[in-house]
Every structure is written in C-alpha cells, then in structure tokens.
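Structures incoming, each one as structure tokens.
Look for chain A in each of the two complexes below; its partner is chain B in the first and chain C in the second.
== the complex of A and B ==
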C-alpha cells in the first residue's frame, strides 16, 4: 500500500488506492483463459420448468456451455434430501420471478448476454402471491413465529393506561444496491482445487459454504476478497448465483466470471424485507411509560425463512414494567431477504421511535424530555447493568447542536411561505458484539509490523482501525504497519456484520501487540538490554529477522455480567413544502455513544454513511413489485431512488468517545448499525413537527405529504 | 449483445441518405436513452448512424429568434450566454433534467426523441402497447404513480419524460426537420403526439426525416419565470409534476404568459386555458389559483397517480409565485 500518501495518521490506509483506481475488486482479476457467465432467469413467479431449450444458445458465437438442472455437474450436498430448498440447478421448481435457471458461459460477456436471451423455458404455472399485506390478511396463508414471544409484567398493559395509543407502521422492501454489482470469479482446477475472487463480507464463510456444497476440503479452496465496493449486508452469504458460477467452472474446467446486472441485484442477493408493525404505548399523565406492546410481521420467502431483530429494542430501551413483543414472518413468493444495514433493529426503531414521539405529543411533552424521563438505569430485560451508556449526555450535545430550543412543541408553528420547518429526534441502539478472531503479527527488524487476519472491509475502514490500534500500543508509525485481510488462508475471523469487526478483530490485534511487546521485553532482558529498548535493536542484537505471534481472542465473563449496547441519537431539521409535498432535510446532527473512537475519520464516515442510508429509508427508497406478475417495476438506478448529493445536507457527527470499561481492551463498541438505526423515525418525527402530519408508511414521498 | 452495424457520417445529407436506405436504422447522438433501450432489448436497430460529427452544434441569434442546432449538448445550451440571457426558462429546465454527466452528452434532438420511462415499457416480459402494440397496458391497472392524468387513451397512459421540452413548448419553439428534398418547420407543440390508438408513436417525425435544429422567438419572459420540478429526490429523478411558468407584466397586468406541464401527459402539456385566463389580469395569488384550477379540466387519475390531481395545480401556483417573486 502507498502509505507515503498518508497525510496524517488517521487517514484511511487504502484511501489512496481507492481514489486512484489501484484497489483491485473481484471483477478486475484477469485470469488466463477467463470465460464469462450470464444467468438466465425465470419469467414466471411460481411453478415448474417443463422444458428448457438451450440449442440455439449453445450454437451462438463464442458459447462454451449452457448449464442448468438438465446437465449440472455434481454438487454433493445438493444430491441429498436435506439441505436448502433452493438447490440451484438441482431443482426444476420456480420459487420466485427472476430466479436463476441456467448459466450461459461464453468467451465474452456480450456473447454470453446475447446467448442467454436465446434460452427458452416453458413452465407449468402455479398461483402465487408476492403481496405481503395480502398474505397477512389471508387466514389461510402460512405464518411462522420469527422469535419467541416476550412478556415482562402484564401483557398489553397499554390498553388500560391513562394515556394510550396504538398505531400501525409500514416499511416497504428496500434493496441494498451497493455501487459494486455482485458476482464472483471461480477457477476450478484438477484435483478439486478451487480459487475464487469474491465479493463477500466473509472470506471464511464463503470458503465454508462452497466446501460444504461441493463436499471438498476447506483447504482446497482459496477465497480472495481484498476490496469490496459496499455490502450493507447483501454479501453476508454465498448466494445461489455464486454456486452456479463454481458449478460452471467445474463443468468447463476454466475460470468463469459472473457479474450480475443492476436488475438482478433486486432478485438474486436479498433485500430488507417489508414489515408491518403495530405499537401500543401506555403512559400515566406524568409521562411515565406503563406499557409497551410491539408486534411485528416481516416478509420472508417460501423456500427459506429469514428472521431479524425487529422487536428487540422495545424490550430494554425505555423504563417500563410491562412489555410484550411478538414477531411473525410471512412467506411470499419472492427471493429470500437478508440483513440490510441496521437490519431488523432499524425496521423496529422506525415504528417504536415514531410511537414514542406520538406519545410525547399526546402528553403534550417535548419528545426529548419524554425520552429522558423514561430512560432506564439498568437493562430490565436482562436484569443487568449497562456496561456503559451516556445517552443523556448525547441528548444534550445533539439538542444544542441542532438548535432544539428553536423547536415549537405545537406542530406547524414555523412557517415561511409554503415551507414549514420541523425538528425531530430519535434513538438507535444495537448489540455491542464481540466474537472470536485470530490475528497473526509479524514484527520485523526493518521496523515494520505486519498484521494478518481473514476479516473483511466492505467500506468501514477495517485496515485503518486495526492499524491505529497497533500504532497506539506499539508506538510504531502507521506507515510502518500493514494490515492484510480478505484472504481465506489468513488466521480465521468472522464475517463483517453486526458492527462487530473492530471489537472482535481489534481485540485480537490488541492481544497480538501485547504479546509481541512482552516477547521483545523478554528478549531485551535476556540480552542484557534496557527494558525500554527499541524492538529493532532488540531483534538485531538477537540476530532475529522477525518474530511472529498468532493470537486468538474472544470475550470472557464480562459478557454475563453486563448488558452491552451501542447507542446513537439522531436529530434532524426538515423543511416541508405544503404545496408540493417536498421534504428537504436541512440539517442533521448525529451523536454516537459507542465507547472509545479508535479511528476518528472512518468512524465519522460510518456515521455519515448511516445518515445517508437513513435519508434513503426515510424519504426515497422503495422496491416496487407488480403483484399481478410478481416482477419488480423500478429495478434500476433511475427509478429506485438512493439519495443523491443534493438530498444530503450538512451532517454534524459527534461522539461521546468514552471507553466502555468492559467490552474489550480498547473500550470500543461497534457503530456501523447505530449510524442508521432510528434515523428514519427522526425524519418522520420532524415532518410531523413541521406539518402536523404523521406519516407511518415509508418512504415519505411528496404524495404522502399531500394526501 | 445483438450485433449491429455502426456507421458514421458528417453531413445532414449523407445522414438522411443512410437513414432512408434501411428502415431498421437509427440515428445515434448522445445515446443516453437509445443505448439503455438496446441493452434492455426494447429496441434492436440493425444500423446505428452516428451523427455526432454532423455540424449542428451552433447556437446563434437570427433576427428575433434564437437558433439551436439539434446536436448541441444539453449542457452547452443550458450554459450558453444567449440562452441564459434571453431564454433563461430553457436553461433552468435543462438543468433540472438528468445529471451533469448525462447532460454533457445528451443532445437537443435526442432529448426530444427520448422515450417514456414507464417500467412496463422497459420490461420485455410485461405487457406494453407502446413497445408491442396489442399486448395491453401494464400500467393502467398496475403501478401508475408516475403516469399521465391528461390526454390518456385506453391504450397507453405513459408520460413524456423530458424537462427541456416543457420549456420549449412554453416558449413557442419551432422544430426544423430535414429530409432528402429539403426542410420543413413545425411548431414544437405539434412535434409530440398523444398516445391515442398509436401509442407506439411518440412524435410526428417522419421515417425519412432528421431533426436539425430549433428556433425560439425572443420574448420578454426573461424576468418573471420559473421551472419547478417536483420529484422523489432532489436531483436525478424524473418529474412527478413539473411546471414551466413565465409571464410579462405591464403596470402589474399580465400581458404575456406561458404555462406548460411535464410528467402529466404523453406530450409536453401546454396550459392554454390557464394562459388565456391570466392574460390581462393581475399577477396575484387568487388569479394564480384560478388559473391552476382551469388547468385541471378533464384531468383523470388512475389510482396510483391520483395525487397528481392535487400536486399539479399546487405546482402551477408555486411556480407562478416563484416566477413572480423573481423580479
């Protein structure tokens, strides 16, 4: 890496490579004899393939093979009855519209694309339903428990409260849509040796999944994924399209590259599932919560169940003796969802944090005061103290910065021509996770430190964070430290998800550095050197070119004694045009309470990215399906609206930056998810404050303001 | 990909000669829409005649008109001093369209020729009378939030997506069309068509013709004007409703007024009745509101786009207010 370009020690270590195009992403690897695969997809929503005519595709120029359920190579796990329902190319069943049914491999991408259009399938159609609301209403439609029901105190206590409300909230499907399209390069060589260049949030997970499907040893598979152009959760699993590519390479004995289209990004790599939620809140007239009921229904597929933590927050975020939750998943004929940034907690926070605002309004209280009044001292769900929590301080910082004092509690009070101004606040919270990871550290006599772990960087700046941890502990300049990741042959680490990488891998970096330091101290003592001697001198004195230590690190008993969460507070100021219904976010203040901030620049980037994703969730993003056909209508970047620069105002990012005494040696808690969780409710609450209109269906588009 | 022949030419005459030779030939200018349509399988021309080197990129004043060559880029028009001074409404409308990158390559002629953004038109697995006459209209009873409320037919409820064209219809532009025999000029408002029974046709350009330029009369509408585009995000989104509004006042009386709407019809929608009403009247909120109501005669929603019945008149009022406050 070109470390000499670092302007200060907090710069992103791979920033130079990324902005100069030198960072190499999976699709950019040119292997000798590389071929190109294009997936053929179903045009019906449910049924069976009755015939598949591949003749003209096979005869088309440059085509090497067409692989489908008719001629697939062996994938041992799919031969068995157990295992997933969606065994790509091992089934003639169609579970959703856009499901891959064949792969065409040719010597150029264009030729493969053309030949794919020549594959003709006929189907036996079955009746289907892609409409989540319809499935929910249909008493005959299947419903499954997504999480055990939770009850503390009295069930539905809100119903008998002095002040009560019960409201319903709807969140549509959102599609991750990272800039980088999904895909994989697979190179299956003789003796079942496989190398893949993947877009993955976990090289070890990809390695394990492929090993499991094809029943070949893990060590036969090398997975490379050094740079990832955004994941947001969609690269947390190995998708059928990736297995199809490996099959194709195995079949033709050449490397095959697949990069799916933007349209296929809507059907092949998951989404944030639609959700319908009802919240019941009860409070006494003094503004103390007396009952919280959170019931959620989430969308899932018919062939695989997907669940997430939609109702988690209601169980501990506010002081309340009577809380009950339920979470039910409803299968529809669509592709299986997957976690999308903030995952279920972001879905749940939209409903809960909107309802909290509604209750504050019903009580004629400032919503900030209402939250502070109901802020718990301990976690009532786990009956444990919080490891650290500085929410009240965060409220104060954010309120000052957004100018909360200018807010009027009466909605629609601030007018300027057709523009109405409003302020909103909400809270985000997510588990402060710490998993198990290994890191190898190699301290060299040339003064450098190399750290290695099979972790990932989908954008948060993993290498930068790890480098800074080592820099602080070892007192080695950042340009002498290299952190290698994205390679399955390195010491194992979990996938990058659930805001856990810094806590998990960072702890292992810490432990390796501590061990390296004590080894150097020992060597110094043994060679009669001063204990504070520079490690370069110590290594040289001992004629050692380097020392190498690998450490595995994981949490201990502290996990049983404390409730560990990261928190965020989002404040927004909006302007709403009462004539055109346009909502403009004027200012954002986000405050993160996630322990020590190890890497200030990339931490800030995380909060900025979370706010931008939150704007999308609140105002613009919605994947639309025509339920008559089961097909997406807006599956492109012109019609699926991710926020653009013009939608994003100044984002004022603040951190409490106080170490958590228990979570890990750095005192740092994850913050990728909290950057987004709750944000959409802050916008909806601000829109209410501006206009008096409560929008409970996202995204808040102009038509909903005018309705 | 489906193979096609690529030809390049440098004169109007040879471009037309190449076009008439092959009915499956198409002109390629900026390609910002055509290439998308080819990728999606909506269209598959056998020949692409690249006309980017034909010298039709001039912007100049000719008498009391501004001439704009058909191959001038959207950016060049929007940024041209003459346009900004004399026809700022056009400049504003152009800047409301697409993104900077697209405007840099998209041309005036191509902008006029761009096809609807209806999702059913783009998905070859769905019914669409515009793409494939006789297959039905997917949008009519489907997702029609973006669709037309004026001049619809039982065949098609798609909208014309351009911003530039909304300003041009308001400014009484004329289109210069050439064929092998010579040139003809038609009023801009007669260039695009309603869907009627021929939804596959977007405009009245004949198979042997090429758009070579525009002429726009210079007016006194450079003081009170506004192009207001209401959309789902602040940039790079097609209009839910857009309004081009401009007027000229003498002694607080409106003596000339232009109003046109985008995102509401199969063609740029000029609001003639509203203009007639405002002429000779004071530029007041009450009059703007009445003009907006007049514009909505015969408007019809299809469910998903019912909100436009409220949004459209509101946007007219807001555009006129903003035009008024500009002075």
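== the complex of A and C ==
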C-alpha cells in the first residue's frame, strides 16, 4: 500500500513510513514488561572505583536492579583474562571520564533516571592525560604503535626540491552525533534466547559480538534493526553500553531498554580522533611534484587501539616518484575512537589537499591546473591501472559550474564592502570496496519480487538502490519489489561501512535476478512457452506459487588487475567578512566520479549530505575537552555546532555517471565517503583565496580568521 | 563527587512520608485490606497515586484522560505512554527540534514541555498530519524532494515546516532556512527540505 503512493520510481522506498512517523527505530518497539535502564558514569578520568553505594538507588521507587562490577552479571568471555581491557562491569578500573560504571533498571524511564542519580561512587584517582598534543611531546606518556611506513623512491625528497613546503595541520576530535540517540533493547529469555532491537550498521556484526561475549550460539540471537537514525560510523561496533543492557536483561529476566543521552553520545560511542599531520611537498619550477611526505599522528585510547587510513591518499593520488608516509597512534585517557564518515581519508585529505593548494600558490599556478598537471595515468602505489577514473572531466564540469574563471589567483582580490570572495577546490578519493554478501530472491506468481539480505540502511537508501537494480534487470515495477533488511535471520551481508553496500549487496541482487530470469526462461522452454514470456504466466503455467533463489556474490580476480577508487571533486565559493571573520559558504558544486549512478535521487542526497558534513568539519565542529578534568565541555547540540539549515547554500551535485567496467555487474562504486572526503580542504583553500589567510587548524572559526 | 559531599536525600524523605501517610490513610479506611495491600508492597502504589497528577489533553483529535507524574515530559508521554513514537528524541534539551509538535497550532519542542503543562491543550504530532493514506502536502513534498536520509529528524522537520508555512516565514530561501534552523538534520538534507517547503508554499493549498 505504502509503495503505491510513490509518485516517482526514484523516490525512496521507505519514504512513506519516514514522513508519517511509522518507521520504527530501535527504541520504539513495545515489548511486554519492558523496563528502562539508565547508565551511571565515572566522574573521574583514570583510577579505580573504591566504593559504590547503590543502596538508595535500590530502594528508590520502581527500581528493579542496579548492576555493576559488584554483582558482575555473567558474560562468559569477560570471565577470561584475555580479550578487551574494557570489560564492562567486570573491572573496577576507570579508563576515561564518563565510562559506564553501573546500570540502574526501573519500571519507568523517569524512575530509572532519578535512581541513577542516587548511585554514589568513590574512587582512587590516578594522574591522567587527555591532551593529544601533550601526549606527543611527553616521551613518558608515549606508547606509539603504527601501521607500516610507506616509501617509494627517495625518502623526504621534497627537502631538496626547487620549490618546497613543509606544513603542519591539526584536526580536533569530531563527534558523529547522528540525530538518533544510541542504545538498544535487549530481551533475554529462558534457554539463552536473546532478541535485541539495535541501532547498528551491521545486524550480523551485532549478533556475532553478543554471541562472542556471552558465549551463546549465533542462532540464539535475533538482531532487529530495520530503521537506523543515522550512524556515520559510530554504529559499526557493539559498544560496552549495549553489552551492559544485555547483561541487565539476562540478570532481571525482562526486556531492558537503554537510550543514552546526547551528552553520553560524546563519551560512549566513539568519535573521529584528533590528528596532527605534517606534509612536505616538493616540486620543480614547472609545477611537477617531485616529493611527497605525509606524516600523521592519530589519537587513540589507552585500553584499545584504533587506526585508520589517514595517509592513504598521498600514495597514489598524484604522479610523484618519491613518496613516503608514516602513521602512528598515540594513546590518551579518552574513550576509544571509531571511523567517522570518510574516516581517516577525510582527515588526511584535509592536510594533503590544503598542501597541494599551498604548493600551487607557491608556484603561482592555478590550483586546478596544478592538479591536472600532476594527475597520474596509473596507480603508482599498486602499479596497476585504475579501473575507471574521470577526474579531468570532473574538474571541467565543476569549474564551469562554480564559475572558476572568475577566481583570481592572487588572494584577497575579490572585495565587496567587508566581504571577500574566494574559490577553492579539492579532491576526495576512497577505496571502491566490494565485499561478500548473500541475497534471497522470491519471485511470486502475483507479479511481485521479494528480496532479502541482512544488510542495513543508516540513511543512504539501501532498499531504494537495491529495488532499482532489480527493477532494471527484471522489468518489474518498483511498487512490486520489496527489499527486506536489518534482520539477522536473513541471508548474511557485511556491515554498512566503507561505502561498500551498493557494490556488495547490489551485486548479489544482480546475481539473484539473473538467476531468477534464467530459471524462468528454463521453465518457459520446458513448458513450450515463448522465451520472452512474462514470469507470472510462466509460474502459473507450471503451477508454481513462487520460485526462490539465494545467491552469494563477491569480487573476483579483477581486484588483482585494477586499482579501484571512487573520486569526488568539491568546488566551493566562500564569502568572508573581514570585520567579523565570519565565513559563509555561498555556493557548492560537487562532482562524483563513482561509476554508474543506480539511484539518482538518493545518490544526490548522499553528495548533498557529505557536503553538509564537510561544512561542519571545516567551519564548526570540535569536541572540546577541559584537560584539567578530562571532560568534554561542549557535549550537547548548543555547544557542539553541527551545520543548521541557514549554514547551507544550494548544492549543485553532478555525476560523471560512467560505468566502471570491472568493479561489479552494475558498474557502480560507493560514494558515501567521497561525498565528504576533501570537502574541508576546499573550504580552507577558498578562505585562503578570499583572504590570504591559510588556516591549518580546523575548524575555521572567526577568531582564527581575525588573528 | 566525593561520598562526603552526599547530602540528606530530600527525595527519599518526602517519599517515605508519602508512603507512611498513604498507608495510614488507607488503614483508617479499611484496615484489613490496607494491611494486606502493604504486605504486597501496595503502599508503593498508593504513593504513586499521590505523585501523579490528572491530565486531560487531546492528541491528534483524540481525547486522553490520564494521571501522570509531573516530571514526565510531553515527549516521553507521547512516546512511552501513548506509543506515538513518530515524535523523536534527539537531545532532550530543546537543541535539535526532532521532537517538534504543534500545541494549539504552535510548533514547540515536546522535550521542553512537561506533559502536565498541556492540560486542556490540542496537540498534533506527525501521526496526526496525514488524512488516512492521503499524505499532507508537506509529507508528499518531503518524499518528492528527498528531504531526508535516515528519517529520524523528519517528523520534527515536517511539523516545523508546516508551521513555518502557516507563520508566513517563507518569503525567500534564506528566510525559510532561518526559520527552519531549529531543526537539525545530521544527514544534511537541508537544501532538499527548503525545496519541499517552497513547493508547498507555491502550491498554495491551505495547510
């Protein structure tokens, strides 16, 4: 019924449910006997809990249980010494400020919230450090771990180049802050049967993690996560608070719901780690790059290591015979980070794409010409051709649309009263990933097609994309196709991350549709029907109510022969007020080069959303810590500034829309990450072009412009 | 907080008083039954009655008569009591607009209003906007212009957008953006949301 209401086949298939409030997110399932859990958190940053007084809380009205390390509800994996250090409720150790130390379960949310305020802890404090820059400087606090260094040609060749620069870039902690608060409903029943309603980017991953912690079979656990109110990476793992909720349900024998607070979203579910990067670039006077050195330090926690691809882009994005990179992680006493949209690549692209702009300026070249001059024909890192790459065409489209010809190479040239106008460009690039997924297709005699896979949709429009793939192949109208996801009992698929879902699950949809078509053709031939017969007629003739096929699909040898990436170009026109230092993004043109566009409407929204995320990264977002206490001080939406409607201009999205011949049957590459990667550098470059001020520390706030 | 900072808990003593007085009152009325009730922990339920306040309100043209703890927000009342979960919790601090509903025709953040403050008021939530399966023009325009991705802020955006049009704050893209800036969309659908509002405004229907 809902889908018949779609006016356009490209409309989001779940649009009706989302605009009517009928789409159910994890916290919205009604379970008989549902109870409410509220987490108590540590008020110190490092040390040990010396006492925990739960008596008042236990006596408070409506309270069913208070669970902490004192009563250690059983979780088999945590009984062992090995495994993660952060064993929730199995340790009295405090690793960071805001760490969950107890959960109070009551029969209403208000009662649980009040009772949680009655739990009192005392601690033995230890000295701590939450300051990343200090951790870098203080050799005692350093415990560096790294990924392999990379070297091609001569190390630090930039130092002897005709024109050289070496600059340092700083990115603060950013917090994902999807609009939906994190949490879970856990319903542990007798015989170790567990149902959870989760906010997860991967139902199979959640199922696996819980099975592993509690040492119960995967089949005992049902994970439901049909609608997810945004993730941006933070729902790519099962967090301790989710394990705590499962423990609580197991302990009391009733379903428990936990929805954390916005403040807790800063401490319990990861963040984009701070990074300090130095880039050295060398070029000859003609504008050919002769050396690239990219060194990065990324923040991590003391109890778990986190790494990401900060220095990847430097290795292949530009033609250069001498490239070396290094990446080390530095632990501080904060919660462990997690990938945030565009992950490390977005961090790295800010530095590299700023430096490229700086080099173009040093050479007195147009930064677009400089990029084109250094555009590689093949991937020098992997020594392979690119599977598809249309960067030069993308540059041209974007330059025309933004009005690049109006840009002056000399910064500060365009003035109108106090407003200075500037233009900036940058490139984004991300691995065109394709994993392994299974999809079940059920073709029915009523003319409908049901597709099922345990994938997720955190917002990009997974169901819409899959429906359109099937629609094109099967010639079945979209309102007759249903794609089911977010259910761990469906055929397995990987988590939604790394811009891989359309490529991975879409390929399996493709394979299922091809198989269904050939089965229908066989049936038609066997029953003396025309090969082009409609499947409904073929099924009816054969007295079959339906046929069902499950296919697993994954990439083949093409990966060995080609280097596969998605690319984006971001053009930005900014206006900077020279009196107030305010930066207004006036115009945005983004060009995506990610193969075939399967779902034009949702693909455009992905690019728009990436640009908006990029505005936040460039201009406003920074999680600030008071290092005296190790606490976030802007842990809410009034003080942590994400872009609002008035911050965002019209965004002109363009796609090259040429199939990648090798990646997958659709020729489509992912685009969730490239929508954001590089965007912040385009803004920094535009601000430089407007003002002559090079801001190398994000976010670009008015104080930095006026300094 | 250090344990020495702990003050006598006023909440507890008030509660203890209520518990005692409710049991005493009950005993005065029907001793046998009340003692039995106390044994079954029913004094807790008596106390609960004292702590709850009667409330009459209309939600989506349906009248509700109930008793509710005064500390329950309108948002939690809608979501947890009435199971009208279309209204979303994004921050619980009036900072994100995900919980926007109409109270007597005005858009408000339901997380900043206690349920008991809405005595006698008419509330419209996202569930009350469509006419059966016929979408409100703003809902249809949001689908057409893809004014969302994850959909979580969407009910609040739509309630705010309807009010924005009714308020007449739709004279330019800039004005719409300004008057829609109390509703955060982390997926970044803002330009599409503005497109949807312009379409409804230019459609000229009474909304």
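One rule holds for everything that comes next: the second predicted complex is superposed on the first by the 704 of 707 C-alpha atoms of A that agree within 3 Å, B and C clash if a C-alpha of one lies under 4 Å from a C-alpha of the other, contacts with A are read in each partner's own complex, and residues count from 1 in each chain.
Keep in mind that, in the parts below, a contact is a pair of C-beta atoms (placed from the backbone, for glycine too) under 8 Å apart; a residue touches a chain by one contact, two chains touch by 3 or more.
From a predicted model like this one, the values you see are computed outputs, not experimental measurements.
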First, second, both or neither for A:461, with chain B first and chain C second: second
First, second, both or neither for A:701, with chain B first and chain C second: first
First (chain B), second (chain C), both or neither touched by A:114: both
Touching partner for A:56 - first (chain B), second (chain C), both, neither: second
First, second, both or neither for A:586, with chain B first and chain C second: neither
Which of chain B and chain C A:8 touches, first, second, both or neither: second
Contacts of A:619 with chain B and chain C, given as first, second, both or neither: first
Partner chain(s) touched by A:43 [first = chain B, second = chain C, both, neither]: both
Which of chain B and chain C A:644 touches, first, second, both or neither: both
Partner, of chain C and chain B, that touches more residues belonging to chain A: C
Contact residues of chain A, present in both the chain B and the chain C interface: 43, 110, 114, 636, 638, 643-646
Residue ranges of chain A in contact with chain B within the complex: 43, 110-111, 113-114, 117, 417-418, 577, 579-582, 584, 619-620, 624, 626, 628-629, 631, 633-634, 636, 638-639, 641, 643-647, 701-703, 706-707
Partner chain A, residues of chain B touching it in the complex: 1-2, 41, 117, 119-120, 122-123, 125-126, 138, 141-143, 145, 228, 230, 232-238, 240, 307, 310-311, 314-315, 317-318, 321
Residue numbers on chain A that touch chain C, as the complex places them: 1, 5-8, 11-12, 14-25, 27-28, 30, 43, 51, 53, 56, 59-61, 108-110, 114, 118, 120, 122, 177-181, 227-232, 259, 261-262, 458-461, 601-602, 604-606, 608-613, 636-638, 642-646, 648-651
Sites on chain C touched by chain A in the complex: 1-3, 6, 9, 11-12, 15, 44, 47-48, 69, 71-72, 76, 79-80, 83-93, 95-96, 98, 125-127, 129-130, 133, 135, 139-140, 142-144, 146, 148-155, 158, 173-174, 176-178, 180-194
